[in-house]
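Heads up, the next two complexes both have subunit A, just with different partners, subunit B and then subunit C.
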Partner chain A sequence: MNARTLRALAPLIAVALALIVPLAVSDRFLLKVFTFCGINALVVVGLALLFGYAGQVSLGHAAFMGLGAYTSAYCTVELGWPWLLGFVAAGVVAALGGLILAIPSLRLKGYYLAMATLGFGLLMSLAFIQAEPITGGVDGFSGIPFPSIGPVEFRSASSLYWLVWGAVGIAVLVAHNITSLRPGRAMRALHGSELGAQACGVDIVGVKVRTFVVSALMAGLAGALYAGVVGFISPSLFTLTASITFIAMTIVGGTSSLAGPILAAVALTLVQYSDALIPGLPRETAQTIQSYQEDIYGLAIVLIVIFAPRGLAGLWKRRSAGNEAS
Partner chain B sequence: MSEFLQFLVAGLKNGSIYALIALGFTIVYAATGAINFAQGEFFMLGGMLCVSFTDLGMPLPVAAVAAIAATAAIGAAFELLAVRPIAGDSPLRIIMVTIGGAVVLRQLALHFFGPDERALAPFTEGASLKAFGVAVELQTLWIWGLTALAVVALALLYRKTAFGRAMRATAIRRDAARLVGINAGMMVTVAFALAAGLGALAGVAVAPLTQTAFGVGAAIGVKGFAAAILGGIGNPITAVAGGLLLGLLESFAAGYFDPAYKDGVALVVLLVVLFVAPQGLLAKAGRVKV
Partner chain C sequence: MRGRTFGWPSAVLLVVLLTALLAIAGCGDSGSEPSGDSTGAASGEPIKIGAILSLTGTYAGLGEPEKNLIEMEVKKINDAGGINGRPVEVIIEDDATDEAQAVAAASRLIEQENVVAIIGATGTGQTMAMRGDIQRAGIPQVSMAGGTVITNPVDPLVFATPWSNTIVVPFTLDYLKGQGITKIGLITDSGGFGKDGQAVFKEAAPKAGVEIVADETLNPGDTDMTAQLTKIKNSDAEAIVMWTAGSEAAIIAKNARDLGIELPIYGSHGIARQEFIDGAGEAAEGVKLAAGKVLDPSLYPEGSEARAVADDFISSYEQAYGEKPGMFPGYAYDALYLVVEAAKRVEGDLTPEALLEQIQATTGWVGIDGTYNMTAEDHNGLTVDDLQMYEISGGKFTPVQ
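Presenting the complex of A and B:
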């Protein structure tokens, strides 16, 4: 089997491996950890579109995740809607939030766009705390029901795992279609040179807004899934720190790639749960790793940007390109 | 009336702090055209280092100067280690490196100083001054005095010394500055050190009034940037004006409406200015043309 067929088969192998995880893993906590990996991966797929393909940045993506999570919680608990309807509403609200931020940000580039998303993220964190009648304030929102679609309820750890990774699979399909067709070429042109793209007739405003809205939508759906899986959400989940974590995953994963950021999302999520991953790991060691987790994210961002700006995906591509040449 | 004056005093107090941080953004922007997303962490480091130095037994003035000098050195090291390797590159990479660097600085502070809130003793003990029904804490006078001193010293440095002229020349045109023998790279390092020192000064000056902790950098950084852009980025005079204006807006919003709005004001100002007039409200900077 040569490298090319291997690369063509890789996505199928990855999907197959992801699907059989619940059959091979009996530990419920570990399965939940892998489910969290999927939720983060869903956010990161959206960010990879925005950052890795279109070259735009968002330092406030946790806000969209929060918008989705609170919308889903409010619709299912307070309004008594079916879960699926709340899930759709979560996507709509997050996408609207993305649209509201994206339209006035159109004129902004680089630093100013980054600052606008950072400010928006911080403002939403304040709003989640202050809007107590809806969000429950600092105490959070509890008693959120498990996800269900019609009569099927996702209660068991393995069914939740399949639900979340199924959503990731759909998001990857959507993102793959976007990137490999005309909009993807427009996005890459934008990343290369905004002026050049404009000169070639790319509707740069439209591409930017649509990409931003799609990535906000994915983050919102991820938030709704998190609310359903855990049953409890609070403002401390949707902070600047969370946004930077997502950025770290996206950067480490690499630009112009979906597989890289997903792998990085899984790997960096597992850092938080080293005790579940390595049985028999002393409690103190696990706690030490946890207390250095953000150092790892911060350092990873700095080192990758300086030494491997195309991320892990870039390193992998360079290596495989070298192999094929030889 | 006395209520109004009290809000005014509080606004100008916080505004001075924002002005110092806005100046930090401005100096780095002028020298490199970049925004340093780690600027707020220098504020945090100043306060935390000063508290730690006094814990070690240093007298307060010595600890304050040492904290500011140490933070300036950290700022220079930050530029050399993290920003220099990608200098002149796309804003995207500089944003990411300074954001990642900010996380690293904050986490280092957490590991060194611990997670607790820390307080610093006031620079001079004594009762608040009272006049026209307004109480002014002595520390507030220190904040105003030190801010004014820093602004004047900075103006003199930039206008009257050969070194300052070299810095301004580099800011105006880097290549031309190189041609006349200015070490442009060093000017950038110095700009980062100056910005870090100003941030640290703000952190030290305000620490006796508001407690400080490892995590305060990000929020104050965004406020400082809001102040800088309110005035129009790149201009030191409007940066100070923007800082004072932002402090007043916050203070009056919190005083007359709801204290809960205080932290939201700067963020709303930031977004509105970015969306409506990213060139700033106070400066007449030219729009970037393609």
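Presenting the complex of A and C:
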């Protein structure tokens, strides 16, 4: 089978395999872990558009996830809205957040944009604690219902898995369409050189704003899914650490790629659940891994930046380019 | 050029393959996990109980001794034949004093380990956070946290071993009144236990004839309380009452003394542990708090069952870990044995429902905190008679009248 056929068949095989995971896994918690992988992957797809394609850094993406999670929780629990409506509201609120954050990005670049998004993330995590009437403060927001669309309730571990990975699939399709067409070229041009892109007639303002909004939207929807899957959210989920984890997944995954970051999101999420994943693993080993989790992420970033600045995706490309040459 | 050289589908394929591989590897082996070395009298399939403790984070000083105690007692239980001949396996998870991690731990224990009951959490916020998972699973939970919200209103599935704030707060207020103190500056943490205490204080203080002249809060993890204490200093408070169980309590005491505030300091039963005294150092001297009689077992009459239980608990803990236990290993002891004793009474299959029924049927059982009498309306089972006021002097908890 040559590379071209493989490439054509790959999405079909990928979807088929993703679909049968719940049939092969009987352990409900393990399935939940794979569901968490999907939720993180959804955030990372958005971040890959923003950072990997358009070159705009965001150290505050957990805030968008939090906005979405709290919005959907508030709408379904306090306002009694159907889940789907709450899910849409979560996307809208997060997208509005993205619009607000897009404004400084029009003037700021590099480190300064990183600082602005970092500040946004910190502000929002404080807001989640202080807005007690809405968020429940430090104690968190509990009793969030399972996702449901009309009469269909996603209650079982496998249905939640399919729901989340279905959302990831749709996000990947959307993102793939964006990146392979004109907006994607504009984003890459922006990544390469902002002045150059402007000189070529790229509407920089439009590209930046739209990318921020789409990226925030995906994070917000991921937050709403998390709230539904777990049934409980608290401010400690949407902190700077989470934002840095997402950016780590994106960097490790690589620029100008969607698959690389998704792969990295899955791999780095699994690090956290090593004890649930590998049955024979001694508890102490798992705890050691967990307590060094941030260090592992940090180390991964450093290694990638030094040895493979374009991430896993870059490594893959280099390898396949080598194969085709020979 | 190759155009889109990197086909995203092929990498997605890789992800999925990897995931599927891990999944298959994961479920292939599950269930064959060794159930701990129960070389004692107990044999057969172990009874799995989950324990969710704060081993890291701001409640680490509470959770660590609880873990010590549980490990020690589980060994003792299994050496003595376990529960009706079956060994006990307590699976301990760390919640890092974090609500979300407590929920994750609960769902792992329930969904992957199929535990029959959960002991925990160490903190009120974490205890409340996992309620959804407990309800979905329908298994009993015995908490080691002192928030009133845990047992009031009563959740049919949830019990707690420390005195709830509704018992300790009025006791403390009465004591303050007896000391001639009618104006207090309150400082509470915004997490579960402190927030709960604040609400109970606001309700109980007017009834006791005590006025709250300053009402300050802090967030878990804060490292400086000077601002809040300065406000209390500038009010006409006659005492500082701090209601927090975390490592922040020691900082409050130190900050207060650094600011030159000479007001007496009162704490909660959440600071009845050596870690507070060590953390606050000199500033701990003179701090008063209500706690169980186990801190000074000589308060129990000679020859009583409570005295024997307390003496045995203290000596075996000291022997194993080389330090005196504070209140927290006691909360864990009571939580563990409430479950274990109830499980022993279950006839036939050990189902969560049967276990629940037996925990609720606990009457006249002497634990470390005192004598428990559970009813359908009272899932704490302790009374104010089991409390004692202490003052820290010379680095020790000394009973005061």
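Here, the second predicted complex is superposed on the first by the 325 of 326 C-alpha atoms of A that agree within 3 Å, B and C clash if a C-alpha of one lies under 4 Å from a C-alpha of the other, contacts with A are read in each partner's own complex, and residues count from 1 in each chain.
Methods note: a residue touches a chain if its C-beta (ideal position, glycine included) is under 8 Å from a C-beta of that chain, and two chains touch if they have at least 3 such contacts.
Since the model is a prediction, treat every value here as computed from it, not as a measurement.
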Superposition on subunit A - do subunit B and subunit C clash or fit: fit
Residue contacts on subunit A - larger count, subunit B or subunit C: C
Which superposed partner A:I247 touches (first subunit B, second subunit C, both, neither): first
First, second, both or neither for A:I13, with subunit B first and subunit C second: second
After the two structures are overlaid on chain A, angle v-u-w for subunit B, subunit A, subunit C in degrees (C-alpha centres, nearest 10): 70
Touched partner set for A:A276, first subunit B, second subunit C, both or neither: second
Partner chain in contact with A:F29 - subunit B first, subunit C second, else both or neither: second
Which superposed partner A:H176 touches (first subunit B, second subunit C, both, neither): second
Superposition-derived minimum Cα distance between subunit C and subunit B (Å): 5
Subunit B/subunit C common contact set on subunit A: 291
Subunit A-facing residues of subunit B, complex: 34-35, 37, 82, 85-86, 90-93, 95-97, 99-104, 106-108, 111, 218-219, 222, 225-226, 229, 260, 263-264, 267-268, 270-271, 274-275, 278, 290
Subunit C residues touching subunit A - in the complex, by the definition given at the top: 2, 4-20, 22-27, 29-30, 32-33, 56, 94, 98-101, 103-104, 107-108, 111-112, 125, 128-133, 136, 190-192, 195, 219-220
Of all residues in subunit A, those that touch subunit B in their complex: 55, 57, 59, 104-105, 107-112, 114-116, 118-120, 122-123, 126, 130, 195, 240, 244, 247-248, 251, 291-292, 294-295, 297-302, 305-306, 309
Subunit A residues within the subunit C interface of the complex: 6-8, 10-11, 13-14, 17-18, 20-21, 24-30, 32, 34, 37, 129, 137-140, 142-144, 157, 172, 176, 180, 230-234, 236-237, 256-260, 262-263, 266-267, 270, 276-280, 287, 291, 312-313, 316-317, 320-321, 324
